[in-house]
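Got some structures for you, see below.
First subunit A sits with subunit B, and in the next complex the same chain sits with subunit C.
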Partner chain A sequence: MQSLSFFSLIPFLTLLVSFVVASTAPAADYHEQLNLKPLPQNSLLASFNFRSNTSLPEFEAHNFRFFPRSLGQILQHAGTRELHLRFSLGRWDAETWGARPWDGTKEGGTGVELWAWLEAESDGEADHKWLTLTNALSGLFCASLNFIDSTRTIRPVMSFRPEGDHPNTTMANMHLLHGVLPREVVCTENLTPFLKLLPCKGKAGVSSLLDGHKLFDASWQSMAIDVKPVCQAGEECVLQIEQTIDMVLDIERSKRPRANTLQTTSSLAHPPSHELKCNTTKPYHADDTCFPTDSLNAQEWTLNQIFGKPMLGNCPLTDPKTPPVCIQAPHSRDVFTSMGVEELKEPGNENQRCYLLPSNDEEFHLALPFMPRDGDRPKTDADEFVQPATPLLYAERSLTGHGQEHGGVQAILTNPSPDAEVEFVYMESLPWFMRIYLHTLKARISHRTGSDAGQTLRDDDDVVKEIYYRPFLDRQRGTQLEIRMKIPPGSTVFMAYDFEKTILRYTEYPPDANRGFDVAAAVITILPSNSTSTAGAAAAAGGKTARMSNLRTTGMLLNLPTPDFSMPYNVIIFTSTCIALAFGGLYNILVRRFVGRDEGPEVSLVKLRKRLQEGVQKFKERVQERLGAVGKGAKKVDGKSD
Partner chain B sequence: MTKDKMSFQATAGTAGLFAVAAALRLLLFTAFPGLPSLLTGRVEISTPVTSFKRLQEGLFLYNHNVSPYDGGVYHQAPLLLPLFSLLPDPSTYPIFTYILYTLVDLLSANALYKIAESGEGGASRLYSSPRKEKRWSGYVVATLFLFNPFTIATCIGRPTSVFTTCAILHAVAKALSGNIFTSMLCLSFATYLSMYPLLLLPPMVTLAYDRTYNSKAPKSLAQLAVMCTLAVSASLALLFISSYALTGSWEFMSSTYGIQLTLTDLTPNAGLWWYFFTEMFDSFRSFFLGVFWLHLSSYTPALTIRLRQQPLAVITLLLGIFAIFKPYPSIADTSLFLSLVPCFRHVFPLLRYSFVTASVVLYGTFLGPAFYHLWIYAGSGNANFFYAITLVWSLGLSLLVSDLAFAVLRDEWEVERPEMRGKEIRQI
Partner chain C sequence: MSADIQNDGDSKPTCAEATVSLPATGIATVEGKEPPPEKEADTRRRSWIVLSFWLIAVFIGLPIWWNTTTIYRANLPLGQMTDWADGKACEPVFPLRIALDVGALPEQEAQNLLRLTQHALDDLNDFSGHHLRLQLAQAPTEATAPVRDDSNVALTIRLAPGDAAHTASSSLHPHLPILDVQYPPNSLPTANSPSSGLATYIATQLGATFAEEQNIISYLLESSSITSEHRPKGISQEVVDTVSKRMTRSLKYSQTYHLTFSLFTNGPVPSSWDIEAAIDQYMKPVLDMLRPIHNFTIDTQVQLYASPGVQSLVLGKEDLSSFVNAAEWPLSPSIGGAPTVNFIVYTGNHTIGVPSEASPGETSQSWMIPQWGSVYLLAPPAEATHVSSETLKQPILTFTSHLLTLLGTPQSGSLPMRLSTLARIRSADLLLRASSSLGSLARLTLALPSISIPSNVADGVVKTIHHLELACASLGGAKSLEHARIAEAEAERAFFEKSMVGQLYFPDEHKVAVYLPLLGPIGVPLVMGLLNEIKAWKNRRSQKLKAA
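Let's look at the complex of A and B:
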């Protein structure tokens, strides 16, 4: 009875809330959506997207609506017009998983990445505001963003464009600053403040699925916050905040019960042999050898299993007409949901299904059952998941060379497309202690197709179109390198340059100096293929250009030579002794007079030695005398005994 | 007539020597194409303020309209940039660079030949050694310089310190021949390139004074000193202004000379500074930088006053001290010092520790690269290995410097006390 009355209240409450929202602020709204996309090799991409906004005049009047007040006040205080913040972990396996979600625009390099457009009159003022912003965000997100100092901040020229709609008057005074913390370990303490910014705060709606244990156990995850002004024709401009979490879950791994994940490390490192999935076709396969299989079992999971908790109904603040959960899988894939859920199939999109939840607080369940690969109606991979799209560009980057003195960086960039060339900006933000030599930068190209297919690499000056380089200054700023390149279809470019490793002051090394220093990921911005104008011209034009896509390489671990941390005192003492010896020796020679060995006044030390020698001589004589006397006495005694 | 003939023979002799030395260098450059870049990367040869690789980077930035001084790589004098951009690109046509460096070495050897031939080492205006008959000709001294392994390695490694070496040797040679202004101009060049040669100004003034002394119309030393100082400041000012005109800003001052004063780049080298300031506590860094510079400059007045009678000896000893105690020393500085030592052939019998010094320097020469390899590449040693070798190296060289000072002073003393020749002495 009680439950009945409660449920009967829910629609009323929702109605009330939506009425209040609708009546007071037509511009303010809130959307949330979870997109599930099964990927090959037993992986699942889950994309959470939360979007809310408030109109700009109301924002200026401190009426924040769904816009998080804590963040809003920081933005106002630091004069931030557009903000992008990323927390990322892991590596997107482009070879298997294909193109990135959101075209890579909602992801960052490993660690924390922040870039923002600040409104300031001068560079100095922009730096000051940037300092304010990073320190405030550091407190808000429990991340070491305050360590983004001048050595980690750059001002990209070609790579980033404002995504929002800015009036031309502010565009002139906007400064783009970009900072990365590649070493920052993204963890639960960053998720909690992230969820707190949401109107439903993780208590209801799709955000109720988010759990630190699962999110940070993912093979790859990226949390993003984007704040930008959006103006649509005929409507009031709004300030939009978009929060995104993308994660790739290993289904087998996430299905393990919570207790199992907390097992001791030894049992995790050595699972029982019967649980290993081996490729039995390998000739060396035996009881004690195993080659892991690529194609694992067919996918079988429920929402509860992989996120560790159920989804607690709708967030009451969302637009009830937007389906909160969508899945991107072929329509031949069986999907079961809880009762009362309405399935929507878009007519244009064969592979998309969305689910509209009933307006009550019931838990939402979603299950993808096991689809047998044999039997009456055998299913194939094509029924399991949509074949991922090929990305526009593959990129990997690695360190070359050995020793702790010189090194090199090599980036391998492949254009997989058979017919379209790809133009992009490759940007690196390197620490100052990586002393790069730009004159050693070389781009070599190899074609997979065409007349010289498979031939050895050859130098090509035509690949690199434009370079923007701002060299490092010791302890003041890092290197900024932006290279605009164009790769012809079906070709691979090997770009390499040399650098030198610096020895630092011993206080500048982190506590575990021999682990090495993290170098931030290179950011690759693929320019829209239809834009023929140069990047500079496009940037100058400002405003919205055609959609760009991004990708990022992995970070690098740079080993620097280390001094001996245990002996500052010893070094100070040894060096000082060496200098004192040299100085003292020369000083003695310069200021003292020469005399013959037997001339001049006797030095007290010589006198003392003489006196000592005399004393010793006397003592010897005395002892000898005594001994002589005793010897005589003894002889006498002997004589007596005889 | 006979004099002419003799000088002609000498020229012919040096020409042969120079030809052999040049051929050896060019042979090494061409027969081992990997050798120049290998030696360029060696910390014993290339320092942050002289490295050829950094010069190439500076050139690259300069040619692409990026200020090389707005970065942390290039710390060398601005006028080197147009000089080297006149040459074809060293990576495609390296032969021009090789020829340039060989020529600079030969020019240095030529100056050294003149210095040795002047006989200033044994007999100056105020002092004539009783042993002055025993000396090496310019030919021998130039040979010792040109075939010194340190000089050859420096030439192949192509640091810009060879220009400083050349300028210093020419300053000395010109002062000896009485061309005071040319000498001061050379010294200004050396100062402009690496700053520390400014400390050679006082002995250079006394040397020039002694060589131009006219007993009939004696000028005062103070007058000449003022004149020389003015000449050096004027030519330095000219060089700085032309550098400013070239780069468009005064940034080069802090980047070229500031780094030597503040030691922001701690790349290992053969000297004592880098590890000391790596391990130094932050709060004491500036204090010790001051102490080290004060220590380095304190030798100039002391030696100039004490060895007033032998200005060339002062210059030699100072060069030895710079090779040990300057912020970024390399074996190029050592080879400059060692090249002037043979001018004092007459005091060699008075050296007390020649065997110890030679052993220690050889020990440092062979173990230095080995220990550096253990630290940086093999990973089986740590920074202390290389640091220990730099200590030994510095001690060996400082022993040579003080021993030479002792020998020169004893030689002076024996003029007063001819009967003490060969006898044991002590200092009080």
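Let's look at the complex of A and C:
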């Protein structure tokens, strides 16, 4: 490591802060860390993690120190024992970026996802508390969480396990409820309350890097809040809140200075030709043709550039022994930091470096310089970033079918491992207006590569081990589908089922109905590989032996038949006309008397003409009379003047 | 048909000429023969058809239409509701019983004194709604065991012969609802004297003691819409101003309040405080005394890196209102319906530049925010990271007195007296509030004929009236607050019924657009058929008459 002197040029007011703060109250401690991980294709994964504790007696007594009061009050009011809240945006590109951070346990499907264990005597009470919880959280986080109603709530059976340590007495009364809002757009107004929950409020420590503009401009981002009780052996139980933000930044995009963001976005559509990154090895490369390159330039960035603001020292509440910033890059990668920063290298971990900040409020700077790919000591991609680990499973899901009535869903699940089986639970929470037919559920398995790629190898009985299905009820609850599957090494499973689209009621369509309806992401819970028992047995054993990992597919946009919204009046007028026609004819036939043509009264049209003529005649006469009278009068006047 | 018209056309000119010459006979001359006389059965059948169509339309169609389109409106006791709102249903009378502990006086003299004092009281008091009634203490025991358990007794007067020769003196007990009166031994009234200096003195003292309560209740009655003969004659504008200022400051009544104590600081320290111990020591006693009237939940929080809403270190009067940075400080609204009272300790170097003279209760370090809470500026403690419970003594004591003001407690008298007064004021307040809610609901029901009224609103109204009656019957007693509280809650619930808030709006044009396409083409044949039938029936009758 080299220390660049120019980074210490900024002499900041050094407010000496005593570091006994955190040690005065041992039950409540605070921990924060930023993990940076350069990824292939000019991306950077930044994982922020904030963790604080409060002892359970303090929590019961409503004394809050680092644990946020606003959230604590809600949890107590709604009898929530464990809470998980996720705000996510974008798509994790598993093909390029590899395995997910935190094994996917700290991310949610696009939009907002919430699941919690509530303590309640009965299902009805749990529903009531869930309603309280969602309403209160919706106010706290400025999100439409109050729209998680009974149609969007499910009670997962196989997919989720409590992460905290719950005493057995409360376990019996705990109800797991899960709700998703796939349509919710996560934005800056959700970050502000998130930062408010932190003890350092984004004013010091790693949280000072968080900025709404950068966060929601990321290629993928996920904000998570987990609250759970943690009991260490021999210690008092504590309630732990863990706040996590993961984001994948496009370095080129993030480096644009904030001031001309607007300009750049408009010029992004047509960047000048000299700024295009072209693959010059192509034979047809010329001034006016460009083939985009796969491997972009070597990464070169500073913390300031990509987050738009500097990191304002340490949060003084943290343990000074814990390094706040770590970077996961090969040791051959050059990294520069500001003065006074201590670099820690873990002996066991080749690729990790951490930085311990001096105990003052000085800004912390970190720079990854340009590493030339040619010259004396050429560097390669291997020096640039750690090759991402292969995920346990690739999953993608898409809509099939055509037309306004029927549709289908296909999920493609691939086990990339050459030698290990993977067992997982695939869970879908589908809206009620997607009427799925479970009998059409088919799973076929095939090899990923080779001559027989794509051909069905085995029956689906071998793949699908267990199905939990709770059918939808119109306007009351959605479909819950949980499937436990096992995929042999190096194979792909194609799972498909059909559904029928419902025509909604007039008022049930959202304002922009033609956009379509969002369908929540499928949640895939990969069961620990060593557990050969069923999921139910694993739950009984506590489910804590090995960590589970998660995976979520992308959401789907379902097009329902959308009516013309002037329809009600058209229908009223049309049916009225039909009824009137039928009724008029029938009634007239019943009531009228039929006589010979010459016997009946005069046909009304003739009568009408006659009357008209009479009227005209009378009018003419009257006009003539009047004219005559005027003529007489005029004569009289003439006579007088004479 | 066309041939027929042609024929008629040919015959017409003659007809037209005829009209010109003979207008009276013009229409009568029609060519063609009369149809054969209709059979009696046919005529009757046609009448039956027309009649049955109409019967179906009237007896089946109309009821179905009515049932499917009317808005459900539960029956509300509108008369009773308006009575309550106008104060006709209840005369707010607060009979206060005051015990006279005469000590060692003989029975006869005591009775005499009692009678005279009551007389003097009645002369003094022109506000019949607030009535003081004297009685002899039940068990005139030693002074060490004053009457405490009898909650209906608002005040005990303890008489004792004093040493002063000419003038009586009195003092309020600082902790108990007792007025100690020391009288010169010779001032006791004789059996037949029409008045007595001592009796007048006691009456004046009592009047002064309860003056504030009377003022507040008069103000409440005055500001409500109640027109009653019990309305006080007149309270001076000055009194109205002070009382109204105090009442607007206080929070809306609720059974439970959340008290939130927050330590805010601009930097990273101090990050912990001994708030629990401090509250237990300095605030708990008062909260325990308030327990019969209010419940409290307490939570505390520490918030670091919180910058106030104003930048300057010396706060002017206008800065005080914007000091609390509502956008950034997590003082989020309370949960579960009960209001939150915020108490903020801010450590920093801020000071108040202009101590406001208007409210002398405020120190130069703290101020109260009406209906919200209060703020105390604390100098950074010597021990930088921790605020001890000693340091918190002054803030907590200030908060306690602010809490009493925020709850609307009157300011004079010993604490138990103030609290019993508070209970009476609150029950009167709730009673009036519930009554006026009922009145508003009644007016709303009458004003919006197209609003639907679900049956649970009617239930709420019935419950409200029931509890109002109970509360009114026991005004001044212990139960009245409880009943008034229930009545107020029910009235609010009925008034803010969710399904009534969102009123469906169907403009008349829409109704025409919906009904006309159906009713036009059906209604016209029906009506025409009926008219024809009536005409035919008349014809037949006149022919019958002629024939007869």
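Definition applied: the second predicted complex is superposed on the first by the 524 of 642 C-alpha atoms of A that agree within 3 Å, B and C clash if a C-alpha of one lies under 4 Å from a C-alpha of the other, contacts with A are read in each partner's own complex, and residues count from 1 in each chain.
FYI, a residue touches a chain if its C-beta (ideal position, glycine included) is under 8 Å from a C-beta of that chain, and two chains touch if they have at least 3 such contacts.
Predicted model, so just to flag it, every value in this text is computed and none were measured.
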Which of subunit B and subunit C A:600 touches, first, second, both or neither: both
Subunit B versus subunit C as contact partner of A:370, first or second or both or neither: neither
Which superposed partner A:564 touches (first subunit B, second subunit C, both, neither): first
Contacts of A:404 with subunit B and subunit C, given as first, second, both or neither: first
First (subunit B), second (subunit C), both or neither touched by A:469: first
Touching partner for A:590 - first (subunit B), second (subunit C), both, neither: both
Contacts of A:439 with subunit B and subunit C, given as first, second, both or neither: first
Contacts of A:336 with subunit B and subunit C, given as first, second, both or neither: neither
Which of subunit B and subunit C A:61 touches, first, second, both or neither: second
Intersection of the subunit A residues that touch subunit B with those that touch subunit C: 572, 579, 581, 583, 587-588, 590-591, 593, 595-597, 600-601, 603
Of all residues in subunit C, those that touch subunit A in their complex: 1, 4-5, 8-9, 12, 15-16, 19-20, 26, 30, 32-36, 38, 42, 46, 49-50, 53, 260, 262, 267-269, 271-272, 275-276, 297-306, 328, 330, 332-336, 384-386, 513-514, 517-518, 520-522, 525-526, 529, 532
Subunit A residues within the subunit B interface of the complex: 402-406, 432, 435, 437-439, 469-475, 500, 502-507, 561-564, 567-568, 571-572, 574-575, 578-579, 581-583, 585-597, 600-601, 603
Complex contact set, residues of subunit A against subunit C: 15, 17-18, 20-21, 24-25, 61-66, 68-70, 72-74, 77, 136, 139-140, 196-197, 199-201, 203-204, 315-317, 569, 572-573, 576-577, 579-581, 583-584, 587-588, 590-591, 593, 595-603, 605-606, 610, 613-614, 617
Of all residues in subunit B, those that touch subunit A in their complex: 41, 43, 53, 56-57, 59-61, 66, 70-73, 91, 264-268, 272, 274-282, 295, 299, 302-303, 306, 324-325, 375-377, 382-384, 387, 391, 394-395, 398-399, 401-402, 405-406, 409-410, 413, 417, 420, 423-428
